[in-house]
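As structure tokens, the structure follows; a few thoughts come after it.
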Amino acid sequence: MSPEGALLPYVATLRDVRKLTPDVKLFSLELDDPAARERFSYKPGQFAFVSAFGVGEAPFGITSVSYRQDGVEFAVRKVGTVTAALHELEPGAKLGVRGPYGNHFPLEEYRGKDIYIIGGGIGMAPLRPVINTLVDHRGDYGRLVVLNGARTPQDLVFSDEFERWAQSPNTRVELTVDRGDEKWKGRVALIPAVVAELAFSPQNAVTIICGPPIMIKFTLVELKKLRFADDQIVTTLEAKMKCGLGKCARCNVGDKYVCKHGPVFTFAQISGFIEQY
Amino acid sequence: MAVGFEPRVVGFLCNWCSYAGADMAGTSRMSYPPNIRIIRVPCSGRVDPLFVVKAFQMGADGVLIAGCHPGDCHYTEGNYHMRRRFALLQPFLDYVGIEKERFRLEWVSASEGKRFTQVVTSFTEQLRQLGPRKDRELMAAKGVQRAV
Amino acid sequence: MSQVIAREDLSRWLNSLMEERTVVVPVVVGDMVFFRPVAKAEDMTISRGNATLGPKGCLFPLSHTMFTVEQEDGDVRVIPSSLEREMVVFGLRPCDAQGLAVFDLPMLAEPADQYYRERREKTALVGLACAEACAECFCTSTGGGPHDARYMDVMLSEVPQGYLVQAVTEKGKKLLAKAPLKDMAVQAPTPPDVPRVPTDGIVAAMRRTFADKYWSRLADRCIHCNICSYVCPTCYCFDIRDYQQDGKTHRVRSWESCQAPGFTKIAGGHDPRADKGSRMRQRFAHKLLYFPEEFNNVLGCTGCGRCVRYCPVNIDIREIISDVQKIGGG
Amino acid sequence: MQDKIRAKARELLETGTVDCVIGYERATDGLTARPVFIYGTAGVDRLVFDQTCVHNLSKFLLDRRDKRTAIVAKPCDSRAINLLINEGQLARDKVYIIGVVCQGMPEVSWNRVSKEPQERCQRCPQRVPVVYDYLVGEPVEALPVTFSDVEQMENAGPAERRGFWLEQFGRCIRCHACRQACPGCYCSECFVDQLDPTWVGIRKDVTDNEMWNTIRAFHLAGRCISCNECERVCPVSIPLSLLNRKLEKDVGEFFDFQAGIKAETVPPFATFKKDEHLKGVE
């Protein structure tokens, strides 16, 4: 395989496709070249470009954890041409992957801290490897609360994993939906309201948040009320990208490249950007 | 006439009349040149000029649009709109050098299997006489640089 | 003593280079000048001033296939493209060569862009010094000059006896190995005066004016035609998409402009730069603020003046540089 | 003319009739003009009008649909305003049109003005704006329309025409400046930007460029008002007016229609006649 500056994808085989919600599928791939598989090691928060050959490629947060070595996973919501093409694929199909790119959530810095994870909709995708890492190394960190919201109960992406997460020590999983259905017994509330209700303590804590811009905007207001400082709130930004190498200048936000300097930023960093995002 | 040249024809056939007409030709075991690749459209009025230019871009030697006879449109007026569009598009394509003989509009009803075979036969023959498109040669002569 | 190539020998030399290399020269088409590969050097024109489009496209093509994907019986092969012949670009001006040096900074930064690097390594630049300055030029204000040979491999300057030849790099010397040069005592011509646009405090001033309403007022008359980006020797934004041809998938990269509506729009619909003002500011902020901050104070503009000449609504970077320093002066 | 425009602009801004006047000011070459947006009476003296005011300003009205705007409009520009009103893009009562009589404009680019009027102006019948609220200049007689340029192309052989256009399209860099400058191009998503299906490939090859140029022109059939902004802005000098004017000529011949002359007339592609006989159609 050629160097990454050639923007060449590794050829990969789709091993498994699982429908998570009506419009989200979880794709598990394996790189064909064993040497490439070896090199393709990544950390929670990093992303990669997935190619549907003939249609194009798009960047996605990697939603598996590297050390488990059971395939590179992406949770993909059908929104555009590439994602629609990916949704058509069945196990055994060939696709392309290049990456991993970008920085990652600095989990090593969070050792001993309480961690609150807030995900809205498909925003849970880049948070899943964080949660799984914390669950696998439960003793290294303080309290873990996962707050996951979605439009409807059907749209909660990793619902089959909630129980496993909740069973690990010192961990809570809180769910909420915008609109319930006849079977839903849980919360019907917007995420910012639930944040206010749960009243997380900023004491020795970090909040990791990902979701639609509007959710982030109002959740930030609540976190500020709870006296979380900007550098205690971490997110991962979404931007249009073409190269992932800081060259195509698409993901430029002020003087930062989301692909190179990010996608993980604290809100202290984001509010320091010259251009408001 | 180029030796061994078989024109490639793209036919946009209206679902209600002309496609049924082609079907009729087939079930009646009437033969027509295999040069035509048929694309079924809900109505001749559905044929966007984009489709026509795209077909020529992809290498078609001729494009045929066939729809219901005026007055018979399943959607009352689709073919009238197509008629106006065609009246303007054919001379326009001719103007950019895609000869008007390469682009036809015909009315074929569901019962006119015979007429369908005649249209395809005469169109194919016309294109055969006209020969292949000369874009490549002309580009080379004009020194047009191609994308790498 | 200096080395000189006679006018009639110039074509002979270029023709001899064609045996092993692609030779790209300025060619006149109507009232425009383009850099194009030719079969004989006699087809070139040495015109005054700048070509309509600079030689950027020789090293970073308007669009090109990066690699093809061939699929057969479940087997997938990814085949990168490469440049077969070495190339000589003849007749470029110092501002365009400087444009390539600016291009090098992001493109050759690790991980280097393989396709650009290959073309860059296989290309030699034979420049022409400017005998006169155009009204829209301001190269001396952006770190260059009409006789600046630093970014060339060979530099020619017009003298009565022909062209004064200066081998700048080893690559240039090799190119000149078989050139019919004559040793003569000739005076190097003096560079012409180029209009000046003070740029001393521009980076700091850009930062200070970033949030000023100046940008949205300026964007009032912008039609986002993208021409400035396309004619610019330093604009390097690109797009990547697949293109199907003859049953193969080509992954194609092409020029794109940050001025285009939807440039930053993501699949979900959110567009962080949806308004005209922020897109317009992006182009100037990139050249005059982000770029020099990232790359050791090098401006992302070489003063070629093309955007001034071709802008249909006279958005004039020289005027903007002065305005910004006035508004954001320290 | 200039004084009258300034006086009118001042009056409109002072009385609050409009929030902004779109006109022309001197460009940085000190010779030609550029569009300017005047928001208050203080800026009124920046307004100029002369032979270098070639731009069609009407497209700027689409950025100000809900605001009351005055605009300086030449005859061709006024046709664009009618077109936009006809297509429901603009409300007549939001726009105050300062019409200017036109004797034909020279070729103008930065720092350059030709001596002769533009070719298209020599063929243009409109000398007085077709719609205005206030007219500047003495009305002059309209001229007959001629299409000698188009006819010349029509009379060339097919191979010659094909070669000519392939050469032109081969030069296109697909910057889409023609679209951006055109007052009739306001689709929220242009076909060239559509990805599913992709009509125009990312490769900037002559075949894809032809797709772009022909369909762009055809989308303006019966809509183009001949302001020629597309050709003026084209950085690689593709003679787009030859495409647009062919369609204008045929639309005139077949449907007796000229775009933008009246805001109320139903355009030819929005209607049909059941028993019409069109040239080339059985």
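Should a chain be cited, it is by its letter among A, B, C and D, assigned in written order, with residues numbered from 1 in that chain.
Criterion: a contact is a pair of C-beta atoms (placed from the backbone, for glycine too) under 8 Å apart; a residue touches a chain by one contact, two chains touch by 3 or more.
It should be emphasised that the depicted structure is a prediction, and the values quoted were computed from it without experimental measurement.
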Original post:
Which pair, B-C or A-C, has more C-beta contacts?
Top reply: A-C
Subject >> Whole-Å gap between the CA centroids of subunit B and subunit C >> reply: 45
**OP:** Could you tell me the distance, in whole angstrom, between the mean C-alpha positions of subunit A and subunit C?
**Re:** 39
Subject >> Whole-Å gap separating subunit A and subunit B, where each centre is the average of the chain's CA atoms >> reply: 50
Subject >> subunit A and subunit D: spacing of chain centres that average the CA atoms, whole Å >> reply: 48
Original post:
When you check subunit A against every other chain, which residues touch at least two of them?
Top reply: 80
Original post:
Multi-chain contacts in subunit D: which residues touch at least two other chains?
Top reply: 195, 203-205
Original post:
Hey, what residues on subunit C touch two or more of the other chains?
Top reply: 62-63, 65, 239-242, 252
**OP:** Could you please write down every pair of chains that are in touch?
**Re:** A-C, A-D, B-C, B-D, C-D
Subject >> Complex contact set, residues of subunit C against subunit D >> reply: 29-32, 34, 52-53, 62-63, 65, 135-136, 217, 220-221, 223-227, 229-231, 239-243, 250, 252, 254-255, 257, 260, 262, 276, 308-314, 316, 318-319
Original post:
What residues on subunit D touch subunit C, complex-wise?
Top reply: 27-29, 32, 34-37, 55, 59-60, 63, 109-111, 171, 173, 175-177, 180-181, 193, 195, 198, 201-205, 229, 232-233, 235-237
**OP:** Spell out the residues on subunit B that touch subunit D in their complex, using ranges where they run on.
**Re:** 49-50, 53-54, 57, 70-71, 77, 80-81, 83-100, 105-107, 134-135, 138-139, 141-147
**OP:** In the complex, go through subunit A and note every residue touching subunit C.
**Re:** 2-9, 11, 32, 51, 53-58, 79-80, 82-83, 92, 94, 96, 212-213, 238-240, 242-243, 245-255, 274-275, 277
Original post:
For the complex, which residues does subunit B have touching subunit C?
Top reply: 145, 147-148
